Structures are given as structure tokens and as C-alpha cells.
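Both of the next two complexes hold subunit A, though its partner changes from subunit B to subunit C.
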Partner chain A sequence: MSLLKVIRINTKHIFTKHNETHTLYISNRKLSIVPSVYDQENPAPKFFSSGIQVLLKRLTRPEFSKVFRKRTNNNTAVLKTPVYKFLTDEELNIEKEKANTNADRLLQMPPVVKLHEQINDVLSKDPALVGYDNSTYMFTDITFGVANEHRIIVQRNPDGTLESCDRDTRKRLNQIYFPMQGRKIREPKVFSEPEKFNGLLEGEKYEYILDRACVQYEPDERKYQEITSITYQHIDLHSKFDLLRSTRHFGPMVFYLTWHQSMDRLMLELVQSGVVREAVLLAALRQAVHNDLSNGEDYNALVSEILPRPIQLTKPEILSEEDIALDTKCTELVDTYINTSSSMKSQQALALQGFREYYQQLVDLSRGLKKAHGNA
Partner chain B sequence: MATKILALKNFVHSPFKALLKQPVSFNINNLKCISTSPVFCVNFFNKLPAEKLWKSVTSVSNAGAKKGRGKGAGRIRIRDLNRGQMIGVGKVNMLWPGLSAPVIRGRELLKQQRLPDDPERMEKLIKLRDSMTKFRRLKLSPIERGWSGVRMPGRSLGPPDPVAGEEFTGFETKVLQLRSLLIMKGTLGRTRNYQAMVVTGNGQGLAGFGLGRAKEASAALRKAKNRAGKKLMHFDIYNNHTVYHDFYTAFGKTKIFVQKQNEGYGLMVHRAIKEICQAIGIKDLRAKVEGSNNLQHLVKAFFIGLLQQRSHQQLAEEKKLHLVEFRDENEFYPMVVASPSKVRTKEEIPKDETLDFIQYVMNDKVILKKKKFPPFYKTMPHYELYLKKFERYRNHEKIRLNLKVEYGEMKSFLTDKYPDEKVEKDD
Partner chain C sequence: MPLPPASGTGKYYALAAKSIRLIRQGCTNRPFFHISVTQRKRLNSQPVIEQLGSYDPMPNINNEKLVALNLERLKFWLGQGAHVTSPVAELLGLTGFFPIHPKSYMTAWRNRQAELDRLTSEKEAAKSTA
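Let's turn to the complex of A and B:
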């Protein structure tokens, strides 16, 4: 798939690019997962647009017990003794606010951007220097306070040309002078050896893979996009979305699936677990990304109704009338989505039918309870 | 010494033979010179039985015993000189059919005959006898061992005996102290009593300690164990691993500062407190004992401290404030562990009230934290020299590890260029 795209865009780099994708393709032949990268249209403007960011964050369904789960990454032999404080209500609210901002920090999504382009920037050619030395000279500006991507790194080749370094060399030199914690100069074996990578996938260590890839690669690197692509597809294939919920990788995964028009399995999972509101959000995301749904305005209208409501972490036991009205609207809309735009119509329709029956029981129960209590 | 004792043995075991030296008719053919006249050798070896002879060697005078003589390293012990000897086998290696050998071997009828002498026989005997001279301690397996060797403190006694048919399942008793007491009695004078202190518990919050006195050590231990089983107390354990909060507790002159710890810390406490914690089921704790080390006071102080703990809910109710837990491993997420029924506002809190949690639970007692001084060598010139010298090696270990990860051996970019020059193995 990516090979065809590459041929169309750039016939010059076909051999190198073909080889790169080929290795990973073979490694996952058993599952027949072909990585696809963002190499045509730039996804960044859409990904960073505020509407889509809000949808992605909401779809992450952050649960604080998982966001703030036990992490032992500070290399201490023994855990520190917990600190206890007596707090008034106001102080507790301030602390909770702090925790919310902290959660935002922990859930900040890795950016989704287009693949970078090769640097071909010849600064000067000095024929007088031809044969001066048989090694290439690297020059790095290590001035304090310059961002890694804007740092001047040039090389003088033995034939006398002075040019900007290519991406790989830049990354290596940046890592040597300004090491990033956790990033290795040589590629870790987890990513270079397919058996090890597949072992992690089989073991469902998705979050570990994605975290490690975030540290090792830049988001616009081909390798990063391939690794994340394979991981997302593996998750999608096995419907293991819950493993990534409440983590910073859920948003990019949903975006990836939507971008590649393969979010129907996620939609099925949402309908099966009875979260129709999120199903509407997902459809709205598709509308925002591709603008290919017939009744796009309805989705946007409903999204603005859903977003102010609190996130449903567990299935509700008693419903208010407002909830019932909203959920009914959502169900209708999901139904139209399934009938018009879904590629897994029969399964999703079946799941929606199951949800409707369950929901009707719940509605009867809560209305009956209300009547019994006498506040109807 | 050994030869002397051997000679002695000859007299002890065959006084009559030596006394009479009477030849016996059936071994004539092997012995050359025989005297038929009786010889009387009279000395105390022949007159006294072995028991008395040994006593004369090993006994210590009454005055000496009071001074402690005849004890410890130089003590002479009674040896069993019969050990390793068999009837029919002696210095002269004779074959006695029916005694030291069968009468018929195969189809052949065996005859008495002298076999070649065994030169090692005597050495073996002496070695065996020498091995008896040393005192052997009773050996315990490392699992059964207590705090120190075969002594009782720290050793396990098993569950207390059932009370009214009720079994103590899952209980384990540990000895904390076993000592002898001397008491004066009107008729008997000074008599010896044993006193034992044990702790028993099921590791799930139920534990108790007991004190027992008896004439015998085993009886004292049994009494203490059963008494401990009858005085069980229940303690709540926070998250199944530690106490609810730091506390200070004292009994007599013994003071204990107990600090709550996070999971995985272990028990950094006095050994008796460690046994108590294990009996209760506390897994992570730090405690510092100050003042007297009296073990019974220590045990009592710790139990009192545990009993006086306040649960988080109680603390929140006392303060009328939320009690919030912040854990480093959870990115300091504010976990509300207890909320009172009514919360005070900031205006309702008096200015001089103790709000610091640790200060509050320690009842305003402040632990003296001594300043840590740098070690003496850090001010010396040689340390500076060492730092300078080893600065260049500071990263080597990391690099070695990385190389081993990458190539499986120590290798550099020069290895391929100079394959003959191998890296020296570092061990």
C-alpha cells in the first residue's frame, strides 16, 4: 500500500523506501500487518485542531486510578514513605485541581505529523579542498539554549562540499552532545529485531512499545510511524482497546484508525460495551477528519451536548430523564451511521439491538424506581 | 597422652589377665615363651574399677569447682575405650573360627591362624578416642535456628495448645527471652527458676505475648506459649503491610520511635520487635529503641504503642479535616483516605493548632535527627587524589555493560582493525 504511494510521489527514493518497509512487512507476515505512514497529506493541522483534540481526549476516557497508577521509574530501591496531610475542603479542591493538570501532563498525546523530508542543502563547494583529507568533518553548534531541531550541524565531505547533515546524523550528534534520557544512540534490539518486537506484540505490551518508541524516535521519523502503525493495527485486530484507554497513546491510535478509515472495529467495541455517547464522538471525529458523512451537522450538534456531561467511567445504574433523552438521540444517530457509512453493518447493528434492549430495561427500572419513591 | 591411656586401658579391661598371666591351652601353638608361675602386679589400676579410676582423673575439688575449674576448654572428659573394639580382634591379628570368623567358609573348615598384623589398627583406635575429647555442640538446621546458635531466643515453638477443643490454626510462637532466675527459699536455699517470654500470632492481625515461669526451661516455655495463646489481641494492619501512622511509645525507661514505611522496605527494627511484627503480620516498619534495652519492657512498650494507634477515620474525626495521602509512586495524586462527617473551614482552625500529620500523631514529640557529618576521609588529601585519579574511569563500567549488550563481548571500533589484539578479560 505504502509502496504504491511512494511510487506515485517520488520515484527517486523508491529503492531505499521499499527496502525499509519490506523488512517490517516480512516480520509481521504471520499477521499480514502492513505498516502505513503519514506520507501524503499532512495530518498535523487536523490532529492539532482544537475540535479534534477535545474529541480525542474525551475518547481516551481517563480514569484516574489508571492514569496515576503505580509507576516505579525513579530507580530507587525502596519506595518512599507516603506523605499525609490534613486538608480542608478548599485545600482538597486545590490539590485535586493540581492533580487534574498533572493528569493532563501525563495524558499529553504524542504528536501525529507528516513524515519528514530529506535534507539536501549544499552550502558551498570548495574544489580547493578536494583530497585534503579522506574523512568527513562534522561541525556542531553546541551553543546553550538552541533547540535540537534548529541546531546548526554541517559536514565537510572529502570532495570539498559543505552541506547540512542528513536526519540520522543530526539525531546522532544531538544525542551525543545533548543526550536525551532513555534514548540510545544505536537502535534498541526491541525495534531492530522482528522476533523481539513480535514477542512484545504477542505479549500485549502495547503501552511499553509505544512509550519506548516515543523516547527513541522523533514523531516524524519513518521508523516511529511504522512501529506505531503496526502496534495500532495489532490492537485493532485483537480489539484490545481497553489496554490503551487512560493512556496518552489512545488519542493517536483513534486518530490513526480514523485517518485510515478503519475505525469500525472500535465503533463495534463501543456499541458492544454500551457507550453510545462515545460512539457518536467517534463518528463526529470521522466527520471532522474526512467530512464524508451525510448528516454531519447532527453529529456536531450532539457532540456539543455530550461534552459538558461528566465522563461515564462505569455503566450507570439509575438514569435521569436528561440522560435518557440524550442517550436515545445518540442511539438514533449511531443507527443512521451504521446504516449509511459503516463497513461492519451487520455486526454493529446486532450489537446496537442488544444495547437497545438492555437500555430499555434500565430505563424501565429507573422510571419505576422514581415512581416508587414518589418524585415523578 | 594416648599411649598412657592405652596402657591404662589394658589394665582396666583385663586386670585378671594381667594379674594371672596364665597361659590358656588353646593358643599354645602360636606363642613362643610361656611362663607358668603366677605373677601378682598390685597397684591401684588393678584394685579399682574403671569408674573410680576415671573419676580420679576428671574430678575437681569442691573449692575448685566453685572457682569454675573443670569447665570449658581444658576440661578432661571420660572416654569410652571400648569404642571401635571387637571381641576376637586384638593387637595380634588372630583368626578365631567361630569368634571373629565363620567356622566353615565354603567347603573348607577354617583353622586358627595368625594373619599378618594390621599396622593401622592402633592409629585408627587412637584417632577414634581423640575424637571423643572435644565437646560437640548440638547442631540445628538454619531454618530451626534462632537469633543465635542453639539458644532458645528466636526459635519457633509451634502453635499454642488447644483451649477447650479450639485449635490455634495458623499460629506460630517465637521465643523472645529465656533466662534463669535464682530465688531464695527458706528450706531449700538458693533455687533455680526459668522464666520465658514468647509471642504468638497468626500473621493476620492476631497476636499476643506471654510470660511463663517454671523449674524447667521447657515447662516455662510451654506455660508462656499457652498463656500467650490466651491473651490474643487484634491489630488492624494498614493495606495489609504496615501500621497506620508513626508513633512514640514507652514503658519504664524503654522508649520506641516507630515509623511507618512503604511496601518493600522490610522490618528494620530490634529483633524482638521483628518477631512481634511477623507474628502480627506487619511487613514494613522502622523502629528505633532508645533508653533501656530491657526486653520485657520493649515488648510491652511496642504492644501498647500498637494498641494506642488511631485509625485514619479516627484521626480525621478528631481533626474534623480530610486526611489525604500523597504517594510518590502515584505522582502525588491526592488520595482521600478518610473524611470526617463534618469538615471545618480554614477560619475555624485556630492559629496555633498542630496541622502537621507526623507531629500530630507523635503527640507533638519531635525526633532528634542528628546532623550527618561527612566521613573523616573526605577531608584528607588522599581522598582528593583518589577522586582525581579515578575520574577518568567513572564511566567505564557503564560502557563495558553497553558493549556486552551490543556485541556480547568487550569490543571497540579498533577490534576489527586489529583482530590479534584481544581485550584482556576483566574479572
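Let's turn to the complex of A and C:
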């Protein structure tokens, strides 16, 4: 092998060795994401408060073609063939209502709660039992109709102490005696082996990860919160929010990002795609969670105006004057948000400027059209 | 032969004596027990009145022996005056549901004693070789 070839192959090594910066190295390894869990303040009261739930559901943007898409999972053996019917208006409305309730059920968000505490509950100590057996005895009460979390599960250790089992053991024994479909007694390799987990992240199988984590773990487990945290951060880093829209995981993700004050990339995405109304909702969410915006009342007032209206992702050709007024208000409010509280000011301001110009054109066009039709 | 349902298939007489006992259900070299209530004079191979739990005497991968107990039904049958055999009473004692059975203390003491004897004999053997 010639010297030139050796140098060419090892250039990268030489280069990195000479410009050794720690951060560069870590970011190359794709392991720079540090999971953060809800272990300080309890997020549950805020997450479950009705105002925040409404905002999160609205931001999810439920789209029925995605909510009711066919899934190839092992729960359903055979996919049903669709049925086509002629319906009257009343019957159609009833069917729509049904679809709405079904969508609500499918989009029910996994709860966001604080980490659980360890169980340290020694019931009795009996040193006279030392030597009785070398293994632990696990006793499970299998009385009918008791919920998993309230079941009596105790253990007698070889040193004679009788105590309540810790969380992991409880989960394992509950799974042994009352198995939950899809949950495994041993942790799946997807979660225990970092390479496999990273492979899924690289492949952008976010929904798969989150669905699987929901089945495998309880929402107050450390592992669950770490996995979801890494996934949310990965989505945020690559701005792949669209992959989670219309799924039940979008709400908790937005809540996570807002809770950790890192929702500015989502805000940028909203402004770039021209959905200023949702940008206002997001800012209102931040106000509701942290209460750190200067003009909080304005957001709440505008939210009550936006929520009764249908979701408007693309603007219609002819805008009504009400819509124009609302959108202008939204744009102004987003502008103040960007100037006062955002951490990505320049990019967001640029995106907002683009939206403004586009919107002005739209307004001119629609007013011109109305004038031409003689309706104005 | 498939196992009978936990609700039991055995006929019984209300006034006849009942017994809560371990009934071996495993196969050769693999013991596994049902904790069942049955009529006292019946054989273990005969249908039981009701299954109340299970006991796996072979330690699993985490060195644990698993016991399941339907405490609600157990209390019911105790209230009916069912007799409890000593292996079951020992298990219930370890659970904290009954007082610890004297046999458990005896076994523990004997095991400790055997361990002590083994240690002393090992020491002596070491001394004699040295």
C-alpha cells in the first residue's frame, strides 16, 4: 500500500485528532441526546387540566385518513373489507358522530405523570427463619377483580423479612398472573440494546417506538420517560413533527417540548408552514404551562376566538373579512412572541415575514375577486 | 387430560369436612402444586371443589419461588371450617396471613444447625491436613 493511500484513508482520523473537540465527537456518534424525566414537579395537574387538553388535541390536527388508516399489527387477524352504503343526511350525521367518538378513543393521549417513588415497606422481620430456604418466596393475591396497582404482592426473603415487592417485581408478577397483550416479561431488545433503538430512531419509526413503549411500560416508569424523551428530542432535532401528527403521541410530545422550554423549533415549523393560528395556540400553551409571557391575557382571548373555528391549514381562495381580521391579529401576536420570548428569533422572524408577504397577496387577490364579482 | 376449571368440578356435601391442600400437578421431575379445597376424605387425584392458588417449588431464573393465593376465597373456605394441611399452613405463615408455622421454625433451625456442623467439620478437616 502506498503512503498516499494510507494518508487518504486516515485523513479523517488525523483531522479529528488534530482538531480534537469533544462536542464534535459526541454529535457524530448520534448519542448526544440526554433524556430528561419528570422527576421534579408533578406535570399531571397541568397536563390533565381541561384548557391544556383542548389545546393539545387541537394541535394534534386529527386527520381521519391517518387516524383510521389500516394497520398491520397482530391484534387483528383479518382486516375488514370496507362497506359502501347510500345514506340520508341524518344517517350520515350519525355515522360522522360515530367516527368522531372512535377517533377520540384512538387519539386518547398517554398520560404525562411524575416518576413513581420506590416502595420500601417492611412488614415483619423474623430472624428465626434464617436458613429456612435459600430462595425468595413471592406471594401474589389473585383475588378476582382487583386492579394491578392495588394487588397485594409480598415477598419473604431468605433472611426472614417480609416486605412489599418493588415496582419491577410487581410488574413482572402481574404480567405472569394477569398477562397484558403485547407486554413482554423480559424487556424487548429494541429497548435494552442501544444500537437497535438508535436504528429505529434513524429509520424514523417514531410512532412504532412510542406505541411499543406505551404497551411495555407504565407511564410513571423511569425507562418509559427516558425512551419517550429521547424520541421526542430526536423528532425535535430533525423537525419531523408531521410523522406524529394525527397520532395520540403528538399531544404528550408538544407538552414535553413546552415543559422543557424547547418548543421553538415547532413554532418555527408552524410559522414556516403558515399556520399562525396554531402558532398562537402553542404560545398560549406555553403561557398556560409556565405563565412566563408578558401579555398572557391576549393569548387566552385569541384562543377562545380560534377554537370554535374549523382547522384551516391552507387558506381558501376567497377569504372572509372575519378570517382576515383574525389572521392579522394572530400574526401580530406571534410577532410579539418572537420578539419577546423566542430563542430562535431571526429564523422565526424571517419565516413570519415570508408568511406576511404571502398573506398580503392572498388578501389583495380575494378582495380584488370580490370587487370583480361585485360583492364587496 | 385437561385441567378442571378453577371453580372446581368436584361434587361435595355441605356438612362434610373440607381440606385445603397442595395437589401435585407437575410431571416427572418437575413438581408444581395447586392449592385446592377438596373434601377431606377424597384422594388428590379426584376432582376438587375449588382451586385457591398455585405453588411452584422450583426457583425461577431470579431464584424466586412463586406462590399465588386467592385470599378472598381462602377466607371464605376458612370461614366454612375447612381444615388446612401443614404444607399449606407453612406457606400461609410465610405470607403473613397465618402465624408462622412451628414446622417452618424447626426446618430453619435444622438447616442452620446442619450448616454450622458442616462449617466446623470443614475447619477440623483443614486443621488435620495442615
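Assume the second predicted complex is superposed on the first by the 334 of 376 C-alpha atoms of A that agree within 3 Å, B and C clash if a C-alpha of one lies under 4 Å from a C-alpha of the other, contacts with A are read in each partner's own complex, and residues count from 1 in each chain.
The rule we apply is simple: a residue touches a chain if its C-beta (ideal position, glycine included) is under 8 Å from a C-beta of that chain, and two chains touch if they have at least 3 such contacts.
Please read all numbers here as calculations on a predicted model, not as lab measurements.
Looking at the shared chain after the overlay, A:346 reaches neither subunit B nor subunit C.
When the two structures are aligned on the shared chain, A:83 is found in touch with subunit B, with no touch to subunit C. Once chain A of one complex is fitted onto chain A of the other, the partner contacts of A:176 are limited to subunit C, with no touch recorded for subunit B.
In the superposition on chain A, no contact is made by A:291 with either subunit B or subunit C. Once the two complexes are overlaid on the shared chain, A:32 sits clear of subunit B and of subunit C alike.
Touch criterion met: A:124 reaches subunit C, while subunit B stays clear of it. Of the two partner chains, neither subunit B nor subunit C is touched by A:50.
When the shared chain is aligned, no partner comes close enough to touch A:314: not subunit B, not subunit C.
By the touch criterion defined above, A:101 reaches neither subunit B nor subunit C.
Contact residues on subunit B toward subunit A in their complex (touch as defined above): 245, 259-265, 316, 319, 321-334, 336-337, 343-346, 349, 355, 357-358, 360, 406.
For subunit A in complex with subunit B, the touching residues are 64, 68-72, 74, 78-92, 95-96, 98-99, 102, 106, 186.
Residues 123-124, 126, 128-144, 152, 154-156, 160, 162, 173, 176-177 of subunit A touch subunit C in their complex.
Across the interface of their complex, subunit A is touched by residues 53, 59, 62-73, 91, 94-96, 100, 104-105, 107-109, 111-112, 115 of subunit C.
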